[in-house]
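These are the structures in question, set out in turn.
Okay, so chain A shows up in both of these, paired with chain B first and chain C after.
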Partner chain A sequence: MSGRHFLTRRGIALLEFSSASVRKTSPVPFKTFTANVRGLTISRDYSSTSTVDVELTSIRYKNHVQRGNFSTLQPDDVSFFREKLGQHRVVTEQSDLAGYNVDWLRIVRGSGTVVLKPKTTEEISIILKYCNERNLAVCPQAGNTSLVGGSVPVFDEVILSTSLMDSVLSFDEWSGVLVCEPGCILEKLNDYLLERDFIMPLDLGAKGSCQIGGNVSTNAGGLRLLRYGSLHSTVLGCEAVLADGTVLDLMSTMKKDNTGYDLKHLFIGAEGTLGIITKLAMQCPSKPNAINLAFIGLNSFDKVLTTFKRAKSDLGEILSSCEYIDAASMECVTGNLSLKLPIAQSPFYMVIETSGSFGEHDEEKLNNFLEEIMTENIVSDGTIASGSTQVKDLWALRERMAEALLKDGYCYKYDLSIPLTVFDELVQDMRTQLGEGAKRVCGYGHLGDSNIHLNITSETFDKSLHNKIEPFVYEWVAKHNGSISAEHGVGFKKRDYLHYSKPNEAIGIMREIKNLLDPKGILNPYKVLPDTSSSLKL
Partner chain B sequence: MSGRHFLTRRGIALLEFSSASVRKTSPVPFKTFTANVRGLTISRDYSSTSTVDVELTSIRYKNHVQRGNFSTLQPDDVSFFREKLGQHRVVTEQSDLAGYNVDWLRIVRGSGTVVLKPKTTEEISIILKYCNERNLAVCPQAGNTSLVGGSVPVFDEVILSTSLMDSVLSFDEWSGVLVCEPGCILEKLNDYLLERDFIMPLDLGAKGSCQIGGNVSTNAGGLRLLRYGSLHSTVLGCEAVLADGTVLDLMSTMKKDNTGYDLKHLFIGAEGTLGIITKLAMQCPSKPNAINLAFIGLNSFDKVLTTFKRAKSDLGEILSSCEYIDAASMECVTGNLSLKLPIAQSPFYMVIETSGSFGEHDEEKLNNFLEEIMTENIVSDGTIASGSTQVKDLWALRERMAEALLKDGYCYKYDLSIPLTVFDELVQDMRTQLGEGAKRVCGYGHLGDSNIHLNITSETFDKSLHNKIEPFVYEWVAKHNGSISAEHGVGFKKRDYLHYSKPNEAIGIMREIKNLLDPKGILNPYKVLPDTSSSLKL
Partner chain C sequence: MAMRALVGCKRVIDYAVKVRVKPDKTGVVIDGVKHSMNPFDEIAVEEAVRMKEKKLVSEIVAVSCGPAQCQETLRTAMAMGADKAIHVEIPAKEFELVQPIHIAKILAKLATDVKADVVILGKQAIDDDCNQTAQMTAAFLDWPQAVFAAKIEKDGDSLAVTREIDGGTETIKVNVPAVISADLRLNEPRYATLPNIMKAKKKPMEKKTAKDLGVDLTPRIQVISVEDPPVREAGQKVDDVDQLITKLKGLGRI
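And then the complex of A and B:
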């Protein structure tokens, strides 16, 4: 039997998983990835879909968005940028621009003609002051892994890339506080911290490409939120440059700071529409000494719910992830990426991770938990892993899901908060709604956070299918008092649906705050807030 | 030997604490408390200081604050309120008003002539709309346990008490999400949750009196923040009424909701200056199955630091509190409240709490940790408790500190975030600065959160002593990149010192946001933001 046995409290191997669990997880094909098995990549040529050109946003959505009354980039502007940044940090070659104009999902494409690569807060301040005076719109871009079209221009916005601002500025081993620049790649930060016995408080599939400034700007959630809380708790301070070039220093490195309104929260999740984050202080947890992972199959959704409740009570403080995958999602990741399922096929799967300070205790808790749910026939099949390779292989089945779905062709993605009791009901209702029109309808996500990723695929973008999905899905979510964007943000794709989760009074105040901090609206226009023209709806 | 032995990994009692630890903690005198041994009380007569009248804020601080250009309450206004709320929920009797005008610390006193006790959001909306039109200033008041003069009027503001809005509206046992009104007393909410195997994510000394609306409005920290994070993470949604009566519904009950700017964060810590919170959704953790407490004495501050670092690594995920008490603080709580010190006198003390799902594991971890720091002579003496009475008795030495200090006469309180390595240095420097002028200079607080409570006492308020403390203390904190308010808020007492922790650009934006949401400035005036008149400084 591969992996480890489930042990009883008395330390004797009494239970074994079904024969399916003896299969060793087949190696994950790492080669298409630039950074890490768990990381998404922004390279443009690894997918079969790369040969299909992405339609310009200005054409595909021509009835839904109009270019704002911004200036158009002139040669003098480029000269100014070159004077301030030097030749090489002002990109204007058409071939070099392509990757900055298309999103990772290949659903939107802008026509930006310049990419600026500042290295300092001062440079960003100079750029924004200039753009604000010239009325040039600006699209801030970090790792360009947005799933809602938030990180590429809609029209010809100046692209401001934070990629070269990738330094760790300090780390305090007493307090666990990391101070860094926004362009640091999440995985590299985690590696840096691991060497010092700490970890980043967030972890997500795109870790190999995404940048921390982008994570904070979209209030990314990810796989560890259940354990370490949201970025509103772990970001202690930030520095941001406002549209007019003002540098706003909110750089507390203290866990507690109640001196006035806590303005940093405005920038967490604002997707660069209120300012550009140029520095961050993060509270980082100690590295767990032991990580264990259980991968289980279940025959009914009720059993998924029971298992989740039991995991919370039995695993308590060591539970660090509780993920959900339905059969249709699993078929996609195993089929499209040729990954082997390590257990018997089931209607539902769960990935349960524990992270703790004392391995023996954690194993005992996990074994007791698994023993009980096996004995009570709640779980039909499962396997556990503790070595880092085994853990990575099992996680790949969950984390490579977005990549696998893209191989279907076009992917309609919905990142939703709904009561966890209706996770499967949503997928079933959507399947009924779409009938034969969709290639695949599936759900997976963060059970512990009530956050499901509903995905629907088709060979290519299909407007009629799209119209059957939306607003049906948003109405469904609103009816269940959920949120139409749990952790991916609003970006370009969801801005006109904000009212399904927020009342007019709230959207009105958001607009007033936007107007306060960016009166000309130059920062990441056409994103987050609904179009003010009611005739223009996505 | 009372309490429990420290056990080795092999389960044999090898180590015992010094003879001091065999003394049983003497019973805590509960009788002065209305709610709970751990709760502060707002009753006005239990302290010897109650016979001393508190000077009116308008007189004591007459050179520092001027009444704003607000209307004065007229009989017609009272008639309006009576028409809307009924006779009994509009308090105007002088004797009944006294308790609402004086703060718990007895450092500020207003002269409000009416207290309104609404029961619904709609009533608050009607009151605020009326006050805004009439230009009547309003002081929102929850449990009135503010330590910075935030919860009582400065002049004659209308007092709006949330005390009658004290219902739990729902609790979801799947997600652990509690929805309640702002007037719920923290301890009562915790009791409600305990019956359902959950707890509140925050805990503080004032739990017997403080209300959750006040906790959220001041972004209270407390004893569990180390484990469960700040209110910016655990408050999922709120409803607030703005100055003009607009009801702002931000009542998400979902852990993740990235639909636009997360406006609820503006109300967390705004101390009622931007709106009045009328409903809350809180993420509540599961009740730990086991709580253990160690109370230890240490001979040097370096050993405090070493113990903290070891506690973080050895206790990891079960560490739920790590508190610090210096000898001067301990002398105060034992002397002024006749509490017995359960261990030998030491220059420093720590309270270390674990909360976990499996008692045996927790005890083993705690015993191993204590065994090691005892063997290495890091700790000089200690005792542990696990029964709820023992735990409460030990906690009383930490939690009744604020009450004990008040018995000295007048207390100058500073709630500061500074690097934990300089906790004791601050106290020593302040002692040097004040010489013989102070009755007592002491420090205690939340080591795990870098949050120290610096306290200085004198028989009565002493202006010259005050001037020796301030701005010295704020300059000291600013030099160490700390925060002049960690968890108590700014209130009336600290508003003119905001610039020690926040730059002008940030304070400017705070003002603009205040102006956006409350253009006439009727909500809790003279609080949080600095006086705009530079000639008026506290």
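And then the complex of A and C:
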């Protein structure tokens, strides 16, 4: 038998019947099931999808969101949907609805009573036209991996899932342009492209579940942004259905097309509030011939900054990722997920990835770089991945961070753009601010993009802790002219804080655009833009 | 015990690479493709290092046969803990036709030359899946062999090796000198850390040729053609058992 597929360290784990690695689809809490089968003890960890533990958004946030003047779903509406989509693509069973109403982070829960699963642009057009006429609010949902409560209903919105629109429509192996439907899972697209020697221009920890339509609607950033740029540059065209059912064809596979206002950019990052994306054309980069990964430990944040600067100059064009992780975060991911720390414990860690066309050249560059910073005592310990198994295992220490934090209990997640130099200052200030009340305060993130993920955890949702965090964290960010949401978007959780990062005039124009494209406000209400009557205190 | 261990490390195409057949069907594409140490050999090196930490082994000599790039593989072995390395240089073209029997002869000669007490190899290489080198080396040396090792322990002046077999495991007592081949569950290899990678650069690496060792590498095989496995056919759905039987009969299966 070929031993190939058993040779990962995970392969070893499989042989020893331990739990399979979990992708971002299983919510906590985890239970262990042990059985004795023919003398072998089999132990499986499985998750219970107990969504009733999550408090309804309408209750937890009742002081600052009220249900809009939308119609309530009637039996006639459901019949209409069934007539258009068929029996099986309209979900109304209570037990089936649970997963669609709660987000992955388990911070919000809606009470939607129907999930629609269209397969074509025409079906979405029919649905939205109907909902617009009936004044029914709609919550578009892709992979439901939003980290800001943007992907589930706040009240009883009709959930429109893109999961069944998961086809690749075409791929041009010469230009690298991919045309696909919005429900394609990111990892599957990447696998498809890898077979043809290309890769997706973005990569994130949720790749096993997130869908490209959702990624584009959120203008997702991810681990490769440093190298391949944002979705605003890699999305060449899109097709979107507006609130009244109009199909707006902005599809283009051309790299250059300066013919009027570039409307597709409105939909990139609009989080489903201006239209539902039904087709995408994306420019995909060639698969690098060689990927190398270094994992290093450092004694101070100053050294992290120095290393980053050196990496940019010494590794230059081959640098494809530069992430930092503080000790508290590393403790979380190694402790909660039983992952191995490959080097000595340090106050800070960095993951540096290079992607290039000539492996030997890249390895030499990376080895020289590491040897220099090691000799100059900038770095205290580190390792280079020797093969693809180690690349996967080392990346897991960063990619599975969100999953690990979730195991602490409740996670307060802040995705912020602030100057590099003050990353650790923010974490320290937050620790001082919160004192004993927090279980864990930690920071990690895309050093290369000046984007920190500040995370605080507690056993269960704690209102007083929440109030100590917000608006303190947003004011801190505003003082440094940063962004209160670097890449995660606004969703439900951050809409009342936009003014910390955008002037009122800008928010005003955003509102006008929203009114222009969705006058009844049926598309993903209560998200992105602040409530006109808003004042926020929990 | 203080044995000297000779550990074999083969440089192979990285397990995650999608292997492509060359258009002229003479082999697979190797140029520009990522290579790394054979995973079973990593386990072998790791075991030797652990035995050294337990003071069963006093010195580890890593050996690799093949083109110049094998030196990187040897540096990795030394970064993991091997004390010195021997690179048996075989040019790439010639190396394509080298078989386990040639390697076994080389290893047997080296084991004698360096006065090894134990030869630890990976149980098979992930490119050819031969699972022959350890056994042949033992035969050439007329040493006992303990292959598919899942655990190695000291047993007086001998070794107690637990082997993976079809029905489960078996533990045998092996006198040294012996040849051992490492199986998956023997250990989990360590990461080579930067300080060790730097130290490895200063460790001695000898270069030899097969000729130096008196081994004839004349090919004993000729590659006629290398082809992709047949494309997997799509499955067919049938409505009921009757249709299934009809279809199977039509295909001549029943």
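To be clear about the criterion, the second predicted complex is superposed on the first by the 481 of 538 C-alpha atoms of A that agree within 3 Å, B and C clash if a C-alpha of one lies under 4 Å from a C-alpha of the other, contacts with A are read in each partner's own complex, and residues count from 1 in each chain.
Please note the rule applied: a residue touches a chain if its C-beta (ideal position, glycine included) is under 8 Å from a C-beta of that chain, and two chains touch if they have at least 3 such contacts.
Computed from a predicted structure; not experimentally measured.
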| item | value |
| --- | --- |
| Partner chain(s) touched by A:L263 [first = chain B, second = chain C, both, neither] | first |
| More chain A residues in contact - chain B or chain C | B |
| Partner chain(s) touched by A:L405 [first = chain B, second = chain C, both, neither] | neither |
| First (chain B), second (chain C), both or neither touched by A:E371 | second |
| First (chain B), second (chain C), both or neither touched by A:L523 | neither |
| First, second, both or neither for A:F358, with chain B first and chain C second | both |
| First, second, both or neither for A:I276, with chain B first and chain C second | neither |
| Chain B and chain C contact sites that coincide on chain A, given as residue numbers | 289, 358 |
| Of chain B, residues touching chain A in the complex | 172, 174-175, 197, 218-219, 221, 225, 229-230, 232-234, 246-250, 252-263, 265-266, 268-270, 274, 286, 288-289, 305, 309, 312-318, 355-358, 361, 364-365, 417-421, 446, 449-451, 481-490, 494, 498, 501-503, 505-507, 509-510, 512-514, 516-517, 528-529 |
| Of all residues in chain A, those that touch chain C in their complex | 2-4, 6-9, 11-12, 15-16, 194-195, 289-290, 295-296, 342-344, 358-360, 363, 367, 370-371, 374-375, 379, 381-384, 386-390 |
| Of all residues in chain C, those that touch chain A in their complex | 14-18, 32, 34, 36-37, 39-40, 42, 69, 72, 76, 124, 126, 129, 184-185, 188, 191-195, 197-198 |
